[in-house]
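Each structure below is given as structure tokens.
In the two complexes that follow, subunit A is the common piece, with subunit B as its partner first and subunit C second.
And now, the complex of A and B:
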């Protein structure tokens, strides 16, 4: 890429603060008291099931919906009352939303035209933006002559060419097939990092959120359930919803058991208990309280039976590459999944009764 | 398209032959009377005759030099163009309001605006005459323009709103996020993208006005007559081959405009 082109597009991301945002449609609270603070140059993903309010938050930040309550600040400036066109926010839509009657270059020049930038300045910036998304030489093409991936690159270039301090993306890769989606994930991440852009990215694909985002806001029913780094979300989910929504997981029924100053967890349908360490919410716990234990399949080890420790009957072994998924029937009747190395699975056969083990500080227990 | 039809479907069956035969028959019955006016307009006789004994452009010259015919033609053209301009603007604005603006009120406005389509034209014409005589615009240029506009605006609204429904609304939002105001977004993005529909609507509006005989029959005064009205008069008093000339020219003109509308529709993404 030519070095001059690099200078022309250099976004300086600004911090974003959404405070106490509430938006209702009739009786439905699409967004319910959401507060979200995004740092300058940070990539934040809004992750949640359909109807959880992700798009509504984005539309409110962009200025297409007015909040019932709450404020939006970009770079310390309150923009809640500004019309969309005056917010200086770049937006990328799921279906690209390119202008069908304009060429690629005209599309990218549109935000410049709206800012009364024309002539050679505009042409140079359009060239730079095209180079940025690796579409040099495509300026004269019509939109209909581009593939889906190329169209989304044009949409990216168009949203970045005027160097907005904040970029919003609503499932920008939702319309692409899997391979292209993965390629574009890397591409967007590369651009965001290089340009230092602040990005709020809506997706319901957890893999996408985990690989791309600095932090993830997991949403359900219009509320943020947890806002943390991908690792924290995965390892220390704040509640049952997050635990179940992000990643594969075992949620094992049972109850809490006090053990002096410490706590143990007794699996339903048995007297077997496991130790608990490093849990967050112990304040509200009582002895004998019903609870669920969350443990990721890759943390579960399968071994010999030990007295007083959980065990179960191996019902199925599924080979998938280097690992084996081992389905174990617990005494309660529920199924637990262990993902173990192929080498460790050598001694295990269907019909065996095996002991189950996991690190006491890597599981999460939620009062149910 | 035709090339992709599998060859076994080419085999000629009796049913297919009958279908083609009857379709052809219907076409002939529909088109023949219209086509007949062409040779009639080229006949040298003083009266309408078919088939003509020889061919001449005499009556075409007559039409172009007769001040009354020319005036009627120009009046119709002027009215038609004014109606086109007015209804394209008003109709497009109404369509925008119906599709984008009004939450819930869209269907009501839509029903109101398109009502002239279902009211019998003659009922409408009588009502317009009574109303216009009261306010004193009957027979005036603007009287024609307004009366025709009410008849023409439904076509614009229907055609433009159909195009707006097809057009992805997020494109308009994208324009706004890129720095455009709502009006700029519509002006720079939405309207250019639905240009073929605007042109088609305009053509339908023009033809609605240009072809109208019913309303003109009620509104026209003795001096200012539109072309279709003038044709009626001609028919009543002295049936000259100029009538066939006008009919021929009208048909060709209308065909050309419809052809243009059709072309715009099929090439709208070109």
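And now, the complex of A and C:
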């Protein structure tokens, strides 16, 4: 068999466990008692605003930060005390971090050289890695001659060529423009699936996390707010932070109202109530307790006014292709957003008073 | 220093992005060009032309240089001194530059001040300081005698070694600063990448830091080497007549023996060799290519 035709068949992804990780800088706890378990071959995104601690977790796994408390395990082995170079972890940096004084092939061969692999073996592996990221024939190029997207592919090839059981990515697409970013999201996802690598991926872009990850850990203030599948995060956010951070959201003020065995939600500034179904944390609820109702704009339907149901004044209609964003002023003075199909928006004009409706089991209510 | 960040500062320090027309560029350059031609190029050309035109068109002056061992000895000593000083400066400067590149905050300012401050003191003063150290009754000799290490004072002054020492010390900033600036220009994530890919601290230095700092090393070496070739005051003051270098020889021929054609020939040789070295250095290191096209 021609060695050049050989492929990087698989990476044996290993599980990763971060246990009780705490890291403080002075008085500020960047990471506060975080425990995170990632399955072998799983793609996990750490999602959060800047300063939420996601990069610190990544740097601790990589070995560039020492935890104050806590351990890191890869494949069941405690690597907390190992230096970065001995962890067998592949890392992709935000600005690629390619070596500008080496060619593409020399960059990809670097981790092999560090492992004393040379000659034909190394050349074949470099060729295979180049083929994997669809850059055949680019081995002799200088880094400065490549576009941003190509540089990121080289960085990926370099991080994967020695088949590490774990890949860490620190906002690897942050420097690319939107179209290229979306293309590379799919590309990285394709490679990860094909190779079976375990990936921990840091991003502040919720769209990227939702598209790529098997599970997302949403972070804020050094803590994991929720660790779940993208669908779960989007449909059933664990708290107000997650609800507000991931996706477009209406957060409507009001209070809880007991209705026999069931609960209803009364909108602030009116007597209008809506039914609530399938809610999680009803144990702590009391009648008349102040709360916020979360409903995604695409779940809100605009229709005729019905007695006792929420209604409002249409203040603005924003056309955006297949859908129309309808901004409705509620009696409380707050604004609610409905994203409706263009066809349904035909009968709605600015200045109308309209009724609002949504599925009772698709909304979330949080104590305010 | 705060002015450098303001718009006025930017104006004065010439970081303006404004472009001038061709005519304007010429008008702005003319005063300097006139000054350079009248006060620099013309006198230099006249002086250098003496070597082949006086007393009549001839190559005798160069033949004389070649024929007399005295001159070749001094020329060889000059290049040897420049090479040794360059190597010595590099050895001492690189660790300091490396340290500076890793420091942040107050310590960084402190070390930078230590490196730069001597530049504000006259070369004459810095040279004389070494006579205090190296003289017969200087600090080194008297301390060694007091400690009982030696009976008789050593001859330290008026040796080639003294010249090396002083020249290395005086030129350290010229080597430290370019190396420091190229070290600082290396993105820190390159080192992290090399580590995560399996490199030890030594690998990171050998394969990433060192090669990427070579442009600064080259700039520092060229600078120190060329300046050393023409060093005048320091070799004269603490090297003594036995350690004479070519610049002192040129002055001697011109002002003491009034042999201007011979001084001119010496100057021609010095300039020619310097230019050749710079060209060779640039070719060998391919400075433009070290950082790649990006």
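To be clear about the criterion, the second predicted complex is superposed on the first by the 359 of 368 C-alpha atoms of A that agree within 3 Å, B and C clash if a C-alpha of one lies under 4 Å from a C-alpha of the other, contacts with A are read in each partner's own complex, and residues count from 1 in each chain.
The rule we apply is simple: a residue touches a chain if its C-beta (ideal position, glycine included) is under 8 Å from a C-beta of that chain, and two chains touch if they have at least 3 such contacts.
This is a predicted model, so every value here is computed, not measured.
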Open item on the list: Please determine, from the superposition on subunit A, whether subunit B and subunit C clash or fit.
Closed with: clash
Open item on the list: For A:319, using the defined touch cut-off, is the partner it touches subunit B, subunit C, both, or neither? Pick first, second, both or neither.
Closed with: neither
- [ ] Based on the superposed arrangement, let me know which partner A:25 touches: subunit B (first), subunit C (second), both, or neither?
- [x] neither
Open item on the list: Quick one: is A:97 in contact with subunit B, with subunit C, with both, or with neither? Answer first, second, both or neither.
Closed with: both
- [ ] Please indicate which partner A:89 is in contact with in the superposed arrangement: first for subunit B, second for subunit C, both, or neither.
- [x] both
- [ ] Look at A:111 in the shared chain and tell me whether it touches subunit B only, subunit C only, both, or neither; answer first, second, both or neither.
- [x] both
Task: Common interface residues of subunit A - those touching subunit B in one complex and subunit C in the other - done: 62-64, 83-91, 93-95, 97-101, 110-111, 113-115, 144, 158-159, 162, 168
Task: subunit A - residues contacting subunit B, complex - done: 62-64, 83-91, 93-95, 97-101, 110-111, 113-115, 144, 155, 158-159, 162, 168
Task: Contact footprint of subunit A on subunit B as seen in their complex - done: 168, 170-171, 173-182, 184-185, 188-189, 192-193, 195, 269
- [ ] Using the touch rule from the top, collect the residues of subunit A that touch subunit C in their complex.
- [x] 62-64, 83-91, 93-95, 97-101, 110-111, 113-115, 142-145, 158-159, 162, 168
Task: Parts of subunit C lying in touch with subunit A, wherever the complex brings them together - done: 187, 189-190, 192-200, 203, 207-208, 211-212, 290-294
